[in-house]
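Following are the structures in question.
Each of the next two complexes has chain A plus one other chain: chain B in the first, chain C in the second.
Then we have the complex of A and B:
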C-alpha cells in the first residue's frame, strides 16, 4: 500500500514537471498568441486541450503555468527553509532573552493568516512574480523556525550533544556536525509538504489578481480569467484546476510517504 | 493558573508586536498614502495640508503611538476611499463574516467527528480508505476552485442557491441562510480534512491504550467502553486545533467572500488592498490578527482547563 502511494506520487508529479521542463524550450503555440476566430474551441488535434476566451492554446499555457508553480513553490520554500531554520537555530542556542525576542517575533508572524500576510506584501512591494515569491517565503519562515527550534530543544540534552560540548567543540561545529544531521530529515519532510501549500497560496493570490499578472500564465490566473465565462463555457475551469490538484496531491503524497519512511527508520534505530 | 496568566501576558505582548510590525510594514509603502488618496487633486499645498490634518507630518513613532492609543479605544482612523470611520465599516461587515464562519464550523465539526470516529473504528477497512482518499483530495484542492465547481455545477443548476450576493437576515432568514450556504460548505470543505485527521488519530491513539484492554477484561460492553473513553477524547480533539484552523479559515473567508460577492470583512480587506487604502488595511489587518491571537489564547486556556479536569477525574 505504502509502496504504491510513493509510485503514485511520483507518477502524479511527473505530469506537471515534464510539462514545465518541456515548456523551457518548446510549447505548441506561444502562450500569448491569440486567435480570435478560434475562441472556445474544444479538444482537437490542433489544440489538444482546446483554446480559451482569446483563442489561446490551453495546453501551452498550462505548460508554462506548471513551470511557474513548481519554480515559485520550490524557490520560495527553499528561501523559507534556510532563513527559518537559521532563525530557529539561533533562537534555540542563544541566551534566554534573545530567544524570547525571536520566539515572540515568530509567534507574531504565525498569527497572520497566509493570504493576509501576502496581501500586505503586495500592497508594499506591488504585484508580480517576485513579490509573490517573497511573500510566500516570508509565510514559510516562522513555520521552519518553529520546527527547527523545537527539534533542537528536543536534542539539547541528548548524550552526544553534552559529550560534544564537554570536549569543547565550538557551537558552529556542533550545529554543523551534530545537530544538522539529526534534524535534516525532518526539515526535508516539512520541505516537500510545504511546496504543496506554497503552490496553493500562489494560485489563490494569482486568482485574486495579486500574484502572477497577465500576460503570464499561472493556474490561479487562468481560473480567474475563466470565471467570467464559466457559466456559458464551464470546460475552461477544468484543465488548469485539475492539473493544479494533481500537482499539489503529488507533492502532499510525497511528503506523507517520506514522513512514514522516516518514522519507520526512527523506530528501528531505537 | 500561573500558566494561564503567563499565556495572557504573552498574548498581550504579541498583539503589541503584531500591531507594530503591521504599522511599520505599511509605512514602507512606495509613494505617499496622502498623495494616492488625493489622486489628481494632489497639489503640493493640499498634500501638506492633509498630511498635517492627519498627523502624518510627525515622526513615525509619534504616529504609531497616536494610532495605537486611538486603536485601543476602538478608533482605527478614517478610510480614504469610503470616507467613513474604519470601525463603522468593520462593524457593518462583521455580521456576514461571523455567520459565514459559524455556519462553516457547524457544518464541518459534526461531519468530521462522525467520519473520523467511524474511520478509526474501521481502520484499514473500505470506509477508512475512502475517508483517507477524500482527505488527501480535500487537502490538494484550492478552495476557490471548489467554489467555482460549486457555482457551475450546483448553484447554476439548482435555483434555490443564489449565485452571488447576500440577503441580510433582517430581510429574510431563509434568504440569508441560502445565500451563505454554498460559501459555508466551501469553507467547511477546506477545514474538514485536518479535522478528520485529528479526530481519527486521537481515536486510534486512545483505542490502543492499556485501559481499553482493561475494559475488555473486566467485561464492559465494547460500545460502552468506546463511548466512555476514546470518544470523549476525540470530541475534545477538534478544540485543540481550532486555534490553528482559525487562521486558515480567515484566509478562506477572504477568498470565498470575493468569489460569492458577500459583503463581509474579507471582501472589504480585498478592496482596501486593491485601492491601497492605508488606514483601512491597517485597521482590518490589526483587527483580524488580534482576533486570531485572542481565539488561540481562549482555546489554549480551555485546553489547559480541560486537561486538568481530566487528570483530576482519572486520579
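Then we have the complex of A and C:
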C-alpha cells in the first residue's frame, strides 16, 4: 500500500513539476498577453484550458504559477531548514543559558500565527516574490529549529554519541557524522511536508494581494481573479484550484511515505 | 609516576550522592580494578576520571594538570589520551557507520586527517590482528557483528592511537561467559604489549583478578578497601569485600 502511495505522490508531483520546468523555456502564450476580443473563450485547440477575463491563456499562466509555487516553496523551506537547523543545533549543544535564550525566541515565533507573521513582513518590506520568499522562510525557521533541537536532545545521551565525545572528536564532526545521519530522515520528512505548507501560505498571501502581484501568475492570484466570475464561468477557478490541491497533496503524501520508509531504514540499522 | 588522579571527588545527582570524597591515583602503565555492586558509584567515578561528567566537588588531574583548568588544546589532548570501552559494544558504535569509518575516527580526532588513508588502514589491520579479528569486519555495520566482535572493535577503537589511559566500564559484563573469557585473554595480551594504564570498572571481582595490579572496592559512593590485587583477594579486610569475593565464587 505504502509503495503505491509513493508512486501516487510522484505521479501527482510530476504534473506541477513538468508544467513548471517547461515554463522555463516554453509557454503557449506570454502570460501577460491580453486578447480582449477572446475573453472567457473556454477550452479550444488554441487555448487548451481557455482564457480568463482579460483573454490571457490560462494554461500559460498555470505553468508559470506552478513554477513560482514550487520554486518559492522549495527555496523558502530550504532557507528555513538551514537556518532553523543551525539554530536548533546551537541551542541543543550550547550552555543552558544560551539554549534558553534561543528556545524562548523560537517559542515566541511559534506562538505567533505564521500567516500573520508573513503578512506583517510583506506589509513592512513590500510585496513581491522575494518578500514572500523571505516571509515564508522566516515562518519555517522556528519549526525546523524546534524539531532539530528535540531530535538532537533525544540522541544526546545515546551511547554512540558519548563514545564519539570520549574519542575526542570535535563538535563539528560529531554533529556532521554522528547526529546528522540519524536526524536526517525526520528533517527530510518535515522538509517535504513543509513545502506543501509553504505553497499554501504563498497562495494565501497572493490571494490577499500580498504575495505574487499582477501581472505575474500564482495559484492564489488566479483563484482570487477567478472568484469574481465563479458563478458565470466556473471553469476559471478549476485549473488553479485543482493544481494547488494536486501539488500540496503530492507533497504531503511524499512526506508521509518518506517518513515511513526512512524510519524503517533506521530500525534495520539499529 | 601518576598519570590520572582525583582528590576528594564527590558527585551529586539532585538528591542522590553517587560519589563521596574519593581520592585515587593511577600510575603510568598501572592497571586498577574498581569493584562494587550496582549503585556503588564506580561508573560515575570512571566518568568523572575520564572527563565525561564534571565532579560536583573535588579535583581531577591528568599528567599533573587540573582538568578543570585546562586550555582547549590541553583538554583535547587529555580527551584523546583517556579512552573508554563501554558496556554495550553495539550501542557504543554508530549504527549508520561501517566499522572501517568508526576505526578511522580516532585518527581524525588526533588531527591526523591528512595522514594517508592507506597508512591509517594498515594500522587498523594490525590492530584488528591483535584482537583476533579479520579484515571482513571492516565493511560491516555494528548490527551485523556479534557481541564479542563488536566489543573487540570497541577495544581497537579505544587503543588504536596508543592513549595513556583506557577505562573499561563493565566492558565484559554484557558478553556471554565464553566470549568474556576470550576478551579477557585478549586484554591480558594487550597489557603485555602496550604501555597503557588501565582502569577496569566491574561488579564481578573475578573478571579483574588477572588483569589488575590493584583493586579498589567501592560501596555507597565511598572506597571501602584498596590494595594489591592478591592481597585484596586473598586477605580481604572489609566484610563487603568478602561478600563480593564470595558471590564471585
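FYI, the second predicted complex is superposed on the first by the 266 of 270 C-alpha atoms of A that agree within 3 Å, B and C clash if a C-alpha of one lies under 4 Å from a C-alpha of the other, contacts with A are read in each partner's own complex, and residues count from 1 in each chain.
Just so it is clear, a residue touches a chain if its C-beta (ideal position, glycine included) is under 8 Å from a C-beta of that chain, and two chains touch if they have at least 3 such contacts.
Predicted, not measured: the structure shown is a model, and the values here were computed from it.
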Chain C versus chain B, contacts on chain A by residue: B
Chain B versus chain C as contact partner of A:182, first or second or both or neither: second
Chain B versus chain C as contact partner of A:227, first or second or both or neither: first
Which superposed partner A:164 touches (first chain B, second chain C, both, neither): second
Partner chain(s) touched by A:105 [first = chain B, second = chain C, both, neither]: first
First (chain B), second (chain C), both or neither touched by A:208: first
Partner chain in contact with A:172 - chain B first, chain C second, else both or neither: neither
Chain B and chain C footprints on chain A, overlapping residues: none
Chain A residues within the chain B interface of the complex: 104-105, 107-116, 119-126, 196, 200, 203-204, 207-210, 220, 223, 226-227, 230-231, 234, 237, 241, 244-245, 248-249, 252-253
Partner chain A, residues of chain C touching it in the complex: 50, 52, 76, 79-80, 82-84, 86, 88, 91-97, 101, 105-106, 108-110, 141, 143, 154, 157
Touching residues on chain A, where the partner in the complex is chain C: 158-160, 162-170, 173, 177-178, 181-182, 266, 268-270
Contact set on chain B toward chain A in their complex: 10, 13-14, 17-18, 21-22, 25-26, 28-30, 136-137, 139-145, 148-149, 151-153, 156, 247-248, 250-251, 254-255, 258-259, 269-270, 273-274, 276, 281, 285, 288-289, 292-293, 296
